[in-house]
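We just call them A, B, C and D in the order they show up, numbering each chain from 1.
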Amino acid sequence: MEPVVTAIRQVPLEHYVALSFILFSIGLTGALFRRNTIIILMCLELMFNSVNLLLTAFSAHHSDPGGQVFVFFTMLVAAAEVTVGLAILVMMKRNVDSVDINQLNRLKG
Amino acid sequence: MQYLFYLFAAISVLSGLFVVTARNPVNSVIALIVCFLSIAGHYILLNAQFLAMVQVIVYTGAIMVLFLFVIMLLNLNNSTEPQKTLLTRIAAVVAGGVFLLTLLAATRQGVEIAAANPADASVGLVSHVGMALFKDFLLPFEVSSVLFLSAMVGALMLGKKEKVAA
Amino acid sequence: MVLLALLLIPFLTALALMLARPTNTARHIALGSTIASLGLVALIWWSYVPGQTWVPVKFDWAPTLGLTFSLGYDGVSLLMLLLTALVFPFIIAAGYRQNLQHPSMVNALLLFTQSFLFGVFTAQNAFLFYIFYELSLVPVFFLLLYWGGERRRAITVRFFIYTLLGGLMLLFGLAYCVTQTAPISADFAVLHALRIPADTQVWLFWALFLAFAIKLPIFPFHSWQPDTYTMAPLQGTMVLGGVMLKMGLYGVLKFVFPIVPFGVEHWRDTVIWLSIIGALYAGIIAFRQQDLKRLVAYSSLSHVGLLCAGLFAWNVYGTGGALYQSFAHAVLVVSMLYIVGALKERTGTSELGAMGGLKGKAPRLAALFFLVMINAVALPLTQSFVGEWLMFNGLWQVDGWMAFAAVATIILGAVYMLYAYQRAMLGPDRWKMEMPDAGRNDHLYLVPLIAITLVLGLYPAPILDLVNGPVQQMLSTLTALN
Amino acid sequence: MNTTILAALVPGLPLLGAIVIAALRRSLKGNSAGLLGTLAIGSAFALSVMLFLGHDPAAGPYTAHLFNWIDIGGMHIPFAFQVDALSLTMMLIVTGVGTLIHLYSIGYMHDDARVSTFFALLNLFTFAMLLLVMGANYAITFIGWEGVGLCSYLLIGFWYTNPAYNYAARKAFVMNRIGDLGFVLGLAWLFNVTGSLTFTEVFDRVAGLGPDVLTGITLLLFVGAIGKSAQLPLFTWLPDAMAGPTPVSALIHAATMVTAGIYLIVRSSVLFELAPFTQDVVLYTGLVTALVAATIGVFQNDIKKVLAYSTVSQLGYMFVALGLGAYSAGMFHVTTHAFFKALLFLGAGSVIHALGGEQDIRRMGGLKGAIKVTHLTFLLGTLAIAGIPPFSGFFSKDAILANAFDRSPVLYALLLGGALITTFYMFRLYFLTFWGAYRGDKHPHESPAVMTVPLLVLAVLSVVGGLLNLPHVFGGHEPMKHFLAHAADGIGAERLHLEASTEWMLMGLSTALVVLVIALAHGRFAKKATLDPEADELPFLPRLLARKWYLDELYERLFEKPYGWLSTMFHRVGEGWVMVPLMNGAGRLTQRAGQVLRLAQTGNMSFYLFAMVAGIVVFLLMTLYGR
């Protein structure tokens, strides 16, 4: 077995799983915790990254490039999402002069 | 090697917590950049060189700068953000905790994965990922460009000042 | 491939009309398209070998659902195709006198409907049928919503929700049936071979039948119908009454009879009585209607009640007669509604009380009206008579009292039709203004329809031969099943 | 020529005539439409005669098969004509009398603007009537059956600007349809039990059927006959049908269409012979109708209405004959009745024509000098219907009376009474019209030759028509009976057990009484100068009769009004209060549910996020521990 691979597998997969779960939960808690929309967006990014990390870890442990390609796509989507999300944020600031998530309550049925 | 992993792990968790708790959004952004850099470090540990590069360039270089830029543009760096009620905050923490517990419980018996492919050190290398990307995933790759285009158009549309009040 | 072409001709024409939006030539293009479809169907008919089910198109679509894109036809499908193809040119042509706004959109919607209807009548897969069945509602929905008359929003939404409710039940029943197949398949051929336990069939019958009962509609699921027919633009009513309700009939033949024969046996008398009661009920109501269009709606309801009763008689005369009658009914509805339109065009109203004495001014129109009317009251040597005659005989084979009640509808038909004719056309001339008699266009429109009526009344063999084989075959397999 | 083609041409020519006249109605000027129509019927008559001469009664019926009409499952209904003694008799009557009436109509309808339409319809009617009598199976007969009803409707409402005429037309059609209901059901039943509707096949197969089934079928067929032949309780349409032009009344409502019911029963005599109960029903229906209609006839003042009630009454006699099983007597009466009633109607038409449209006999009188030919022919017709020997009516009516006597003297007495009433009102009509002083203000003028020639021909036929079936007592051999016996098995089974002396006595009695009644009528009406009062001013009993026993009012109260009420109620209550609210209720339920559910949509993003997380947790736990 190649040394690089051995080196990678020194850290057990479970640890990566746990780490990414923790990061995800932090992101999630943040999204629930804060009212500032821009922080919520950042928390989303944090969650994306935790998932990306997990995917990469699996990919590396599994020697399958598919996972990493998937991470690449996630990044693409994240970038697009951020673009639109920030544009919405700018709109929101412009229209209601606030980035408070509770201001966006027009979706009432 | 392992120690590096735990170091990076500690950095990312701590900076992640700081992102959530910082009063000033600029501080949050800085913390998030640190977090992303540590994740890039994880990628290097996993020999995912291509992803590490992309992580640094796209996330820290582009996306987070965009965040920073927007915060400054909208002058959000004051810490006057109204707090949520205590009850909501406790609820948020509890929800996050429950979620974490559920996830951990789900993987309590360890992670079973299918038999690994033959060990291949070059999985994370640019050439290898590129081959996969342009051979097996060519169509999604091309389609994602359309996604970008539409995101771009969407952002432009949203950002444009409405001339006629509808 | 010819079936795909059949679906695509109206569909692509409609798309083109929608995108290019020609104003002046839209009707010509649409008419051309429908005539091309008619030619194609005639070609299919010409090459049809009686007694065969032909499935020339078959692709997998979503195999996990059992959904295949398979098109084909047997005699009954062909009859329905023929009916659709025959009636649509007339429906399009009726638009020439209507002058609705945005003719390209109207015609596009009509052509979409036609395309989906072709899909319904050729689908050989139950899910595919369902997809087309619900799709065909969409263009009609817009047609009603944007070009309808008074209270169009409320009535359209009501109609839509009501039919969708039925469709939902159908989907549910369908899903149940498909889960019983192994390997999963929703092809008619597979579903028809399914043996579902008898007591399950008893409730499954209603799940499958309700959609068609609403679509037809039969009593007491009819309450959307009179308002919708009255409110809809003329062409919309023609589509609804002329063709779309035949989907219900066809659906009963394709779903209910072969899949839940025990259920049919269990509920047959109930359904027949409901249908006949509905026929009588609507026939009685029609007598005092003031609005000619509403009267046509109730008369259609009455005819359909009889149709459904005949269908459920479940013998070659009843079922075959119902199929024959469905053809006759399509022709009848279209010609009758054209008359309504022609009268409204001349008098500016469809209120019978405001008409009267038109025959003095427009004797030719009166004569055409009369010829259409004798089809409505099912006089012998018209198409309707053949159908009703067969249905009466079929019902008698079930029960004499059923036949008695069914035949009573022909009296009611004579009563309200003649009364309406008298109120509209006869009596002293009350019209001060000049009024054009039926012109060249009216003749071009109505004379072929009347000719079809009379020719097929005198020589019904072409249609009966089409129906005879499949119906007999279906009935024999059902008898074997029981 | 091929018999099939010949047989097809008989109804084909009138149809062709109808189509041609209808198509060319705008370009046909003057009398050309009438001539064309008459030509079509005349040729049909000539062809019928050819068929008659070429027909060998002993060889049985000839079937002219044209094509298969309805052919599905076990039902094979060919479009075929049957040429036998019975259909030939009817064909000759229809085309023969029809030709004369067409000819007459040329004169009568001369001034009408829509004369072409009139002749087209008259031709169409003849076509339908010929289908009725020539059909080789019940279905073809039914085509004709409905077809004549349709033409009758159109011709009654020919002058469509008059609402009352339209109402009469509609009434006729609907009442006929009520009869048709019975007919269709009878046919459905018949088909169900025999598997065929072709006459020859059906008659071969009925023998094995149970009496209940046969009674049911024949009763249903009889319902059809009641509607078409205007018997109680469905006869009220016929007097109203006089709204049509007089030639129509003569052709359709006297000579041909109304006898369709008789034809149907004679044709189905095999069935009726096996159903004695139905025969009794036929007998009593006919008897009651004959008497009721006769009593009403006495108090009518419209010349055509009198004749109409007399038609109803005479049809009753025919049904009595059928009920007695004396089919040949019934057919014989059909034939002679066609002659003399057509004559009377045409004569009445001539009178009306002479007076420029006047129909009320109270405004006539003294016309015998002014319109001599009409008067003479009308007198001959009246004598024929009254049953004075040797006019045709005497023989045919006497045949029925003799058969009635054979059954029961009471029946005979009742029928004779009816006959006397008939004589009375016919002569009342005759005297009031032609005798006494003229009470109107128009100037009567004799009709043109085109109208009087048919009158003369019909008068001759009315006089000598009795020879067609001259009974044995007069040295005849009842040729018509023997001829018809080849066609209808029921006729072959007839038997009449009367001594010759009894027959002589009955004839003598009836003749003497008739003469007495004529004298009575002469005394009361011949020199009458005062007008009868309007119906409303009469005392109760005459008013009851003049008002047709209030049957019209009864039907209106009993059926028409409640029907309209029912229609309104169904619409208002059934649709408005039950059906639509039921449907709207379903919609409202959905709306309510939506209103409750939308409370969950607070619009608060945080809440949505919490809900989402909760959902994810729940699903995760479900996948973990769910199974």
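FYI, contacts are C-beta pairs under 8 Å (C-beta built on N, C-alpha and C of every residue); 3 or more make two chains touch, one makes a residue touch a chain.
As the structure is a prediction and not an experimental result, all values here were calculated from the model.
A.B. asks: So which has more C-beta pairs touching, C-D or A-B?
C.D. replies: Looking at A-B and C-D side by side, A-B shows more C-beta contacts.
A.B. asks: Determine the centre-to-centre distance between subunit B and subunit C, using the mean Cα coordinates as centres, and give it in whole Å.
C.D. replies: Distance between chain centres: 59 Å.
A.B. asks: If you average the Cα atoms of subunit A and of subunit B to get two centres, how far apart are those centres in Å?
C.D. replies: Centre separation, subunit A to subunit B: 4 Å.
A.B. asks: On a C-alpha centroid basis, what's the spacing between subunit C and subunit D, in Å?
C.D. replies: 37
A.B. asks: Distance-wise, how many Å sit between the C-alpha centres of subunit A and subunit C, to the nearest whole number?
C.D. replies: Averaging C-alpha atoms per chain gives centres 56 Å apart.
A.B. asks: Listing for subunit C: what residues touch at least two other chains?
C.D. replies: Expected reply: no residues.
A.B. asks: Going by the touch rule set out above, which residues of subunit D reach two or more other chains?
C.D. replies: 606, 610, 613 - these are the residues of subunit D that touch more than one other chain.
A.B. asks: Counting only residues that touch at least 2 other chains, which ones in subunit A make the list?
C.D. replies: In subunit A, residues 28, 32, 35 touch at least two other chains, as defined above.
A.B. asks: If you go through all the chains, which pairs of them touch?
C.D. replies: A-B, A-D, B-D, C-D
A.B. asks: Touching subunit A in the complex: which residues of subunit B?
C.D. replies: Residues in contact with subunit A: 1-2, 5, 9, 12-13, 16-17, 19-20, 25, 28-29, 32, 35-36, 39, 42-43, 45-48, 50-51, 54-55, 58-59, 62-63, 66-67, 70-71, 73-74, 76, 81-84, 88-89, 91-93, 95-97, 99-100, 103-104, 107, 110-111, 113-114, 116-121, 123-124, 128-129, 131-133, 136-137, 140, 144, 147-148, 150-152, 154-156, 158-159, 161.
A.B. asks: Residue numbers of subunit D touching subunit B in their complex, please.
C.D. replies: Residue list for subunit D touching subunit B: 606, 610, 613-614, 616-617, 620-621, 624.
A.B. asks: Show me the residue ranges of subunit A that touch subunit D in the complex, using the header's touch definition.
C.D. replies: Going by the criterion above, the answer is residues 28, 31-32, 35, 101-102, 104-109.
A.B. asks: State the interface residues of subunit D toward subunit A in the complex, per the touch definition above.
C.D. replies: Per the touch definition, subunit D meets subunit A at residues 597-606, 609-610, 613.
A.B. asks: Report the residues of subunit C in contact with subunit D in the complex, numbered from low to high.
C.D. replies: My answer: residues 158, 161-162, 165, 220, 222-224, 226-227, 281, 284-289, 315-317, 320, 357, 359-360, 374, 379-381, 385-386, 389-390, 392-393, 395-397, 400, 403-404, 407-408, 410-411, 414-415, 418-419, 422, 425-429, 458-461, 464-465, 467-468, 471-472.
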